[in-house]
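Next up, some structures in structure tokens.
In the two assemblies presented below, subunit A is common to both, partnered first by subunit B and then by subunit C.
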Partner chain A sequence: MRSLNTSKAKTRLSNSNLLFMIAGIIFVLMYGFALISFPGSFMQFQTFFDLFNFNAALFIVTLGLCVVMIGGGIDISVGAVCGLVTMACAMLLESGMGNVWSALFLALGIGLAFGLMHGYLIAYLEIQPFIITLAGMFLAQGLLTTLHKEPLNVTMPAFVALRNFIIEIPWLGTVNRLGVFIPCEIKPGVIVVVVLVVLYAILMKWSRFGRNVYAVGGNRQSARMLGINVKQTIFFSYVICGLTAGISGFIFLMTTGAGNIGNGALFEMKAIASNVMGGILLNGGVGNLLGAPIGTLTLLTINELIRAAGVQSNLQAIVSGLLLYLFIVLQSVVMSLRGRSKFRLAFPSWLKARQ
Partner chain B sequence: MQSEIILKMEGIDKSFPGVRALHNVDFTLRKGEIHALMGENGAGKSTLIKILTGVYQKDAGQIFIEGRPVYFKSPQEAQNMGIGTVFQEIALCPNLTVAENIFIGRGRDNFIKWKQMNAKAAEMLNSLGIPASPTQELASCSIAVQQMIAIARAVDMDCKILILDEPTSSLDEDEVQKLFALMRQLKARGVGIIFITHFIDEVYAISDRITVLRNGELIGEYHTSALPQIELISKMMGKALSDVSAIKKHELPKSDDSVPVFEARALSSAAGVRPFNFKIQKGEVNGFAGLLGSGRSESVRAIFAADKVTGGEVKINGRRVKIKTPLQAMKQGIGYLPEDRKGDGIIDELSVRDNLILALQVMKGFFRPLSRKQAEEFTDQFIQKLDIKTPSPNTPIKSLSGGNQQKVILARWLLTQPMYLILDEPTRGIDVGTKVEIQKLVLKLAADGMSITFISSEIDEMLRVCARLIVMKDREIVGELSGMNLTEQDVMHMIAQGGK
Partner chain C sequence: MPRLKTRLNNLSHLFLPLSVLVILIIINLIKGADYFRITMVNGAFYGNIPNILFGASELVILSIGMTLVTAASRGQDISIGESGAISSAIFVQYVLNAGEVTLWTILVGFLISCVAGLVIGAFNGTLVSFFNVQPMVATLILFLGGRSIAFIIDGKVSPILANEISNRIGTVIPGVPIQTPIILTVVFIAVVAVVLKTTNLRLYVEAVGINPSAARLNGINPKKIIFLTFLLMGVCSAVAGFIAVNKAGRHDSVNLLKFIMMDAILAVALGGNSLAGGKFSITGSIIGAYTIEMLNRTLLRLEVNPEAIKAFKAVFIIVLMVVASPVVRIFFKKVLDKARTIVARYSVRQTGGINKGAVSITDTTGKKGE
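Presenting the complex of A and B:
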């Protein structure tokens, strides 16, 4: 009798796609709400592009973390690494000893170093990712404050030119009151975001590594039995995450132009929240990588809404926190309804006692 | 049956610290045969399989595949030599598609060609008659289909030797038949299948030969058709035939007017069991009989208040009491050994001793801990009394065999000295020898004055142990049977006629 049912279930949406669809719908609803409530600002394309322009670094951090989360892990050091990279690169550029390229390599190097260290400790020594990356977070924060306490503006001409570089979209824009057409502007960081999204989406959907990450996130024991090198897969997921955090630091610096101890603060939490809102299951194994930017957009739209409403900025954090609760519970409900099992909150493995 | 030999294991020895798991064991598998590997828990079946699949390294002996000596250092190497294994716990990823589960972890290609992979998978599923679509998420398939997909994966890896380790334990009758059809198909293709199961009927339904192990030694290899069931059982247990049937149940206590140890009137629970009356005398062994889903477990769970009790009253020794939680039931002297050993019973990581004293500790409350000396004393006593095979009381319970785990849980309840003990499927998934031991123990406990409710899905087992059967159908009690000479027929008739 049960086999009859399975033939019906063939068309059933996979969990990843279901959560992704929900994430997409929520974003559309949220943005639609914003359009209705504050048409003045949200009706302009530039407002949408500015979400990317000013938050490119957050988008990038979220992407890297998404890979780790699909693999069933977590990395809370990403924000601190991002901040550390901005300061280190700013100092290098200001010291006059390096050019823009060497700063980029420094950024990648720092990210890679953290990624390698976390990957090794978590994958091969099998230590809890939460604890390891917590240590990494403290380390990166400590290094950041040790390097330089004051904000450090980068004045190097080549970098300032890069920072101020703007790409205009001639066919898209708004006409202001004087009747002058103002084209939309995007910054180079947005290009990086788009390239990385495409790259990572391909990686997760079509590469052997990407599918192995899904397998490991879905069931680590089974993945091993299926002949997947679980440790290597976990290792590389953290390396990618670290490296991505390094890139995000550089992009952050490109956006703000200054090293600051507050840079990248709370990015790890925002990135986790974005991924959850983007339909990445905290338990791992389920989620579409494209959910990461969608989730980030949802989070940013909510924050913009609150800002536009002119309420205290503290409220942004409060609302973000509450929404995170809501989305995690929503995920659990959706997943348990699908599994037809009893309702149970889905805690990620790194919060559970070791099996 | 003189077909060519594809696998020969000779003189296999394996010891673990303190235990000799295998001694001089031979095993031969021929092309296109289904070979049942039988033995009680701890006989060495799993150890032999783990050596064959490269999980363990043998201490001595040789393995030949198609006449060539082989030596596996890892499961990967065994797989490459054409040994496919499908475990009881399905080792697939539920979040991936069916096609991915068949192919992942095998190719060396760095990129996945989805179309090609799905087409190949569709073809394979078709040829094996597996009702699944390649693009479907594995989690949406039934357990039986998942099992078949695991087999398909093994088969596609050009396996010459397929090991099925208790594949049927979570399947229903229909699904088992489908699995058997698949096995016969593979057999026709010339795959040698090693089949491990606890269900003796299945062995006779499908296997060509049987190899029996006992206590790590080879007892012999037999043609299935030439080995009567009862002989197989006695070979597995190493006991004379008379011993198996030597169990004699007790008669019901003569006087029915004595005050019952436990009595329930119109008891009902949130799990949906109809209000029922029930009583049990001192020293009586009774049981709830019925098909799966008839409400057997729900009834006893209502007695123990494991499900929310919604109505009715309960008397213990004639005195009305309130039982709303399992702890209250325990304090009234009721013990309950749940059906789901893994989920409700054992705590994997804790030692045998800690698992054993758990219930007693809970009853005493957390502020009066058992002294270590006491705990050790109790543990040693019960390990000896129930013949629990464990290297030491400190061993984590998860490394014990299923039957021994069950004994630990049984001991846990005995330690609280209940006057009324409920055993829900205490013998499921454990070997024949331990089953008989548990049955004997139940009767001995009853003789000592304990009242016991015994539930089993094997009716003949209940007939052997219970003096009174309460027959259930569709969550309702439809009748009672008692007497010394009940047969399966009697029970089935009552179920068939019962209710309407």
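Presenting the complex of A and C:
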């Protein structure tokens, strides 16, 4: 069967690219559906930009988690670290001791500290990543509640200026009912997202480290036989993830302007769901980094769509769960349709008749 | 003697959870010597130990199911709290709509909730076994949507389960000195033990977890086994939900068994099981679950700031996992060997008297190393 396939001159798509294409097509279909059903709101560019404006932190968290997931690990502490960073930075800014730069360094420092801890314990002491990052999550949540319990609004003028800073795109916008032209607005967090996406995509695609991560995630044993320093690669993937979570915390604070216990809650689950929708498998070794933002966009579009449809709040969670179910099944079906030998394994007998 | 040695080797995986339990008991005894005191209130035993057994009953049941799922599918089910909430919502609705509440009603309601648990398990199991989805991703669906389903079944915020029988199931039956959830847990553990002793389940699950392809070549259908473990997980979560809802006396669809999957996974890991599947020890998981409950109560007893409890718990877990990690063990073994060789060289040159002292020094280091 394989010889028949190879007779065509075309090179086969890699699994990563196939899943990425599926994710892209799903997103385009989803957004197209949204455009058709709710042209009033989704036609505006501002709606699209708002997905980025208000969820910049989630995008960044997803990127960091993506690196770890491609390396075959998992980090469920990202949401809690993000929340801890927001509260720590808010307290630093409120105490009047530091300026915005010191808050940024604090954010990076907290993220780096968690990343180093996870990386060392997981890579060099070979402890199961789930347990260590679970402990990291507990640690971050405990520190967060120890620091401050009530919501803390940052009133420092320099930071408020940064929070309210908006970049207008003069050539893109809508005309409202009164005939006044309103340009589209994006927040500085969106630029950070774009920069990080480009940076990480280059890192994963063309750098030695990125290729090592794919190799380690695919098969640790053969990666080591190829002469890759497996432990170092895993270590740095967690450090990057922690650092990214720190950045995302700062961006979260820049978006909302307040430290709160609930900040970044369930980000880890949302980030895992986004990555899965973006075609990055939890097993590791498969996935395109650009799938992470695409998956997040899909998730956010679904949420936005359900909100626009005016579904009861309890049904929202069920509907988004059902859509996630459909995506997962679709991915699984496509992946198993690829290799016929796998096809026979992956399906119950009643689905097999078609072959 | 060799037989004893193999027996001890078989028990070596219990070393970690048992040593943690001992450390926690010592800490508690230092805090107050009356730790083991048990008092009789209204004809039932109360005290620190009964409270731990009482509080951990759901966690123990869930960690049994989690052990099986982890061993067979090499992944974790993160929707256990939600499936418990859904199945107990069905139980509560049945009991509330049944009119007069008798023991029969409760039993039928419990069986119906077990069927609901089976359905949920079948949903997750189909995704994992037939569609080859990673367990964590497959169960993420119910994790995100499960509480809403439970709320819709409830129809309103936390319906109250006010009847005599559920109250007794949640606390004590008059005349029986042990709280009922503890009895139910023991019965459940006994049933699981009998099933594992009399059937091939353990062998099949371990075979599938170690190598699914090899298991398939040997005539075990890995898909069936993984599906079966998810069904069992569904039953476990239904039983846990039943106990939890009777304990609480009301069905709070938002907070019932919230985030218990973290504790259950932790219990599995503390019990010396690998989270990557393969051989498993239910005993270890059960001890691990009780250890977690004891840790929570110890932190409360030590009057740790309630806000900081999670951080302390995290530090405890990290220290524990570092001590138990294979790399550290090997390192200590190496140190021990080196010390032995040095002592051996030293003893060749020196007389026996100093040698004796040196050996005793290595013995103490060896104990630390373990």
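Everything that follows uses one rule, which is that the second predicted complex is superposed on the first by the 303 of 355 C-alpha atoms of A that agree within 3 Å, B and C clash if a C-alpha of one lies under 4 Å from a C-alpha of the other, contacts with A are read in each partner's own complex, and residues count from 1 in each chain.
Methods note: contacts are C-beta pairs under 8 Å (C-beta built on N, C-alpha and C of every residue); 3 or more make two chains touch, one makes a residue touch a chain.
Note that the coordinates shown come from a computational prediction; the quantities given were computed from them, not determined experimentally.
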For this session: Could you tell me if A:Tyr214 is touching subunit B, subunit C, both of them or neither one (first, second, both, neither)?
Result: first
Exercise. If you stack the two complexes on chain A, which partner ends up touching A:Glu126: first (subunit B), second (subunit C), both, or neither?
Worked result: second
Exercise. Now for A:Ile240: first (subunit B), second (subunit C), both, or neither, which partner does it touch?
Worked result: neither
Problem set entry | Winner by number of subunit A residues touched, once subunit B and subunit C are compared | C
Seminar exercise, completed: Within their complex, subunit B touches subunit A through residues 75-76, 79, 87, 90-97, 100-101, 104-107, 109-112, 114, 131-133, 135-137, 139-142, 144-145, 153, 172, 174-175, 178, 348
Problem set entry | In the complex, subunit C residues that touch subunit A | 75-76, 127, 130-134, 136-138, 140-149, 151-152, 262, 265-266, 269, 274-276, 305, 307-315, 317-318, 321-322, 325-328
Problem set entry | Residue numbers on subunit A that touch subunit B, as the complex places them | 1-3, 5-7, 9-10, 12, 14-16, 206-209, 211-212, 214-215, 217-219, 221-223, 225-228, 285-286, 339, 355
For this session: Please name which positions on subunit A make contact with subunit C in the complex.
Result: 74, 117, 121, 124-128, 130-132, 134-139, 141-143, 145-146, 149, 269, 272-273, 276, 281-283, 314-318, 320-322, 324-325, 328-329, 332-333, 335-336, 346-348
